[in-house]
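Report on the structure given below.
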C-alpha cells in the first residue's frame, strides 16, 4: 500500500480529483458572481451582500470551503512534487524542441498557467475575501457588510479589470487541458465517452471563463 | 530524383561519463530515395574514409519493427512523419539546404552510451516486473479452449503492437514511460489469459516504472502522436483504472 | 562418422518413443548444470525460458540492446500448425508431407515429422502466453492459407506474427530473468566456443559497451543465432544478423550443413541505388490478388498505365497456367530473374517486375483490397513514394532465409559434443527450400519442445562434471585469439572501409551464388573471394578503440567471417551439380528451363568439415532415407 501512495499514478490522480472538484467550485462561484449583474442598483447590492453573508457564515458552506481550500493546496502541492520529479527525469533537454508538432500548447504549459492562476487567486482573495473578513468595509442599507460596493469600486479600475480578464483567459487555457486530462487520469475518459467529455471540456473552458470575465467588463462599462 | 545537400548537427558523445556536444557535418549529393539511416551510412563511410570515428546509432531491422532505431530529428522522435520509425523515414521528406539536428533520446533512465545510442534496459526491467503470463512450457490448454471475441483480441493486439523503441519517453515533456508500461498492462488485462495475475502485474510494473525514474504523465498526448505504432493513450487511462482498482482490492 | 541418431521405429512413433526413453536429469542435478544460450530470437528465447523453467541454470547472450530485438521480430506472414481447426483435412502427416516436398526432398524425414507433431503445441503455448492471434467473430483462432499448400493452417497476428511470437517468448524469458533462472547479458557478442576434452564447455564473449572479453562456462552451449543471408550484403535480414557464432563453432569442429541452400524471396522492394543498406520484403500474400507482369517489348519505357493489356506479358500465368502467380518462392524468383536478364525488366534499374492490383481493385473494389493489404501498401508507399492503388508495385527477388546451417543430429547437437544449434542457424528441417510460415514454427519447435528434451540425453551423462574454472587454459587461449584478431583489425591501418568489402562480397555472392549458379561462375567466385579475403586483411581500416562501444569493429569481425563463409557456400554450390529448391544449377535444367533434381547422386545433406586455414574443407554426406514419402519432380505447370 505504501508504494501506492508514493506512486506517480496515485499522486496525479489526486491532483486530477482536486482539479475536477475545483471545476465544480468554479460553477458555484460563478452563479454567485452573476448576482452582481443580473439585478441592478440597490437590488443587486442587497442580494449580493446577503449572499456574501450567507457564504461566510453558513456551516455547510464552511465545510465546503474547507474542502475547496484543501483541494487548492493539494492540487498545488502535488503538482509541484510531480513537476519537480519529472524535471529530474530529463536533466539534459533537447536543442530543438518539437513539442509544438505533437501536442497542444496548454497541455505542455499547465505548470506555468497554474502558477499565473495562483498569483491571480492570491490577489483576488486579498481584494475580496480578506476585505470581507478583516477589511475596513462599510455596511449597506440592510446592515450587511457591503462587499458589493467593494467589488464595483474595484472594477472601476481599468488595470484591475484587465488583469482579471487576462487571468480568465489563462483559466480558459488551464481548463482546456485540465478537464479532459482529469477524466483521463481518473480513468473515466473511455473510448465511448471520449468525445462527449472532450467536447464538454472545451465548452466549459470557453463558457466559464467568459462568464466570469463578462462581470468585471460589465461593471467597468457601467462605471464609465 | 533530385540531389540533396544537407547540414547535419549531430550529438557526439564518447561514453556515458564523458561530456557531449553537437558537431556539424555537411553532406552532399544524397539520393532522395535513401532512407534516413542510409544517409547516416553515407556520412559514416565518409567519416571512416577520412580517418574519423563514425557516428554510433542503434539500428537493426530497418523495416520499422525491431525498435532499435532511436533518434530525435529536428525535435521529433523518429522525425516528422507520423506512424514511422527513423529507418522508415526517407530523404524525400527533406529539402535541399536543410539543417537537420539529430539528438539522442533524452531521459535520465535512458543515459547516453555513445553518440545517439542510449541505454533502454529500464524497459526490460519493467517487463520483468510482471509483463508476462506465468505459464510453463507444455502446460497450455488447447488454443481454442478459451474463445476470445474478435474485438477484444484486436484491442489487445493494438496494445501489443508496441516495439519498445522509447519514442514515447523521448517525446514526453516529462520523460514519462506511461504509454510503454500501459500498453503491456492493457494487452494482458484485456485477455482472459492475463486475469490471474492482473493485480500483481499492474502494481509491480508501475512500481518498477517509477523506480526507474521516469516522469509522470500529464496527458499531453505527445507519446501517441510520436509513437511509430500509433498506440493510443487510451491504454494509459486503462492502466490508471487498473492500478487504482488493483490497489483498492489489494 | 556422421551419426544422425534417428530413433528406431515407424516414422510417426519415433518422437513419442524417444521422449519416453530419453534419460532424464533429476531436479537436484539440473540446479547444478549450467547451459549457455547464444541469441534471443524465437529459438533462443524459447529455449532459454523453457530450460530455466525446468530448473537448469541458464546464461543468455544477445548483441542487441534487448532480447526483444532479435530478427525473428520481422517475420510478417504467420506460423503453420497442423491443428485442422478449419476442418479442411489437415493432419500432422500433411504438414510433414508439404514441408518435405516444399524442401525438394533434401531434409531429414524424422526431424520434419517431429516438427509437424509439435506444431500444434506451439500454438497452445503462445495463446496461453497472451499472444494476440487473429480471431474469428465467434472467438476461435483464425487461419489463412499460404503458398505451396492446399489447406488453411497458418496462424497469424496481422502482418506482425513474428513480433507477437517473439514478444511471447521474450515475456517468458523476462519472467525467468526476474526469477533468477536466466542471467541475461545484453550487448554481448559471442566471439568463440571453448572446447575442453573435445566437448563444448563455454564461450568467449565481448561486452560491446566496455570492450571487455569475458569467459563463461557451461555444461552445454546452445547456438540460436539465426541465418547468414547478409553474406549477400543486401538481404531482408536485419543489419547486424551475422554468421560469426556458428562460423566460429564451425572452425572449432562443428560441421556445416548445406551452406549453399539459400531462399530468395520473390516479392521484395527492388534496389534503388548503391547506397542501399537492406531490402524490404513485401508479404507473399500479395500474390493472392496481385498479377505479375513485364512489358512484351524490351526496354519499354512507357508508364505502366500506358502499356495496353495486349502488350503485357503475365509471364507466370503464361509459363505456369496451373499455379499462375502462386507458384512457390523459388520458381517465382527465377522467373523474374529470367525476364530481367532478357531485358524486359522495368523501373530505373531494369531489375524489377510489376505486381499489379488493377484487376483486383476492379474485381473486389478498393475497399476490399485495402482491407486485405492496406498496411503493406502503406509500407510500400513509405519506402518508394509510389501509391500502389494507382500504379503497380515494382518488385524483385531478394535473399531472405538460409536453409543451410550447422549440421545437427536428431538431438539438434552439432558434431561437437555439448554444442547445440537450434532455429535458423541449423540446417535441419527445410531442405533446399522453406515453405512460407515454417520458419517461426521451426524456431519455436526447437526451443520450446525439442531441445529441452533432447539436451537431457547429453546432460544426464554430465551430472558429475563440476563447473570448470574459466581460468582453464582453453579459455585463456580462446580469449587471446579473439583479442588478437580484434587488435589486428584495429591496428591494420588500411585504407578501405569494412562496408566496401562487405559490398564487394555481396556482389560476388549475388552474381555467382544467387538465384542461378553455374560451374564457371562458381569457380571464378572462389578465386575472387580468396583474393577479397587477402585484400580485406591487408587493407581494411577500422577506426576507434577496443575498450569502448565500437560498431565498426563489430562489423569488421562479422564481415571477415562472412568472407570465409562465402567461400564455403560457393564450394557447396559447385559440389552439388543438381538443381533443387532454391539451389538452381544452370547445367541441371529441363528443356523448358525448369529445375532438374538428381536424386540418384544427390539425395544427401552435405556436411562440411573445417580443415584449418589454407586447407580445403572436406565434404561429408548424410544420406537421406525416405520411407514415408516418394520422391517426385515438382511441377507447377
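Details
Labels for the chains are A, B and C, by order of writing; each one numbers its residues from 1.
Here is the rule we use: a residue touches a chain if its C-beta (ideal position, glycine included) is under 8 Å from a C-beta of that chain, and two chains touch if they have at least 3 such contacts.
From a predicted model like this one, the values you see are computed outputs, not experimental measurements.
Taken as a graph of touching chains, this assembly forms an open line, each chain in contact only with its neighbours along the path. Inter-chain contacts peak for the pair B-C, counting C-beta pairs in contact. If each chain is reduced to the average of its C-alpha atoms, the one that sits nearest the average of all protein C-alpha atoms is B. Mean C-alpha position of chain A lies 63 Å from that of chain C.
Look at where the CA atoms of chain A average out and do the same for chain B: the two points lie 37 Å apart.
Computed centre separation for the pair chain B/chain C is 27 angstrom, with centres defined by C-alpha atoms. For chain A, no residue reaches two or more other chains under the stated contact definition. In the complex of the two chains, the chain B residues touching chain A come out as 9, 11, 22, 72, 74-76, 80, 101, 103, 106-109, 171, 173-176, 203, 206-207, 210, 213-222, 225-226, 233-234, 236-241, 243-244, 247, 250. Across the interface of their complex, chain B is touched by residues 1, 3-4, 6-13, 82, 85-99, 101-104, 107-108, 110, 177, 180-181, 184-191, 194 of chain A.
Per the touch definition, chain C reaches chain B in the complex via residues 46, 49-50, 53, 64-69, 71, 73-74, 83, 85, 121, 123-141, 157-158, 160, 162-164, 167, 170-172, 174-175, 177-178, 184, 186, 209, 236, 238-240, 272-273, 275-278, 280-281, 348, 379, 382-385, 448-449, 452, 497-500, 541, 543-544, 548-549, 551-552. Within the complex formed with chain C, the chain B residues making contact are 1, 14-15, 31, 33-35, 37-38, 41-42, 45, 47-49, 51-54, 56, 58-68, 81, 84, 88, 90, 92, 113-114, 117, 119-121, 123-124, 127-129, 131-144, 146-150, 153-154, 156-157, 160-161, 163-164, 187-188, 191, 193-194.
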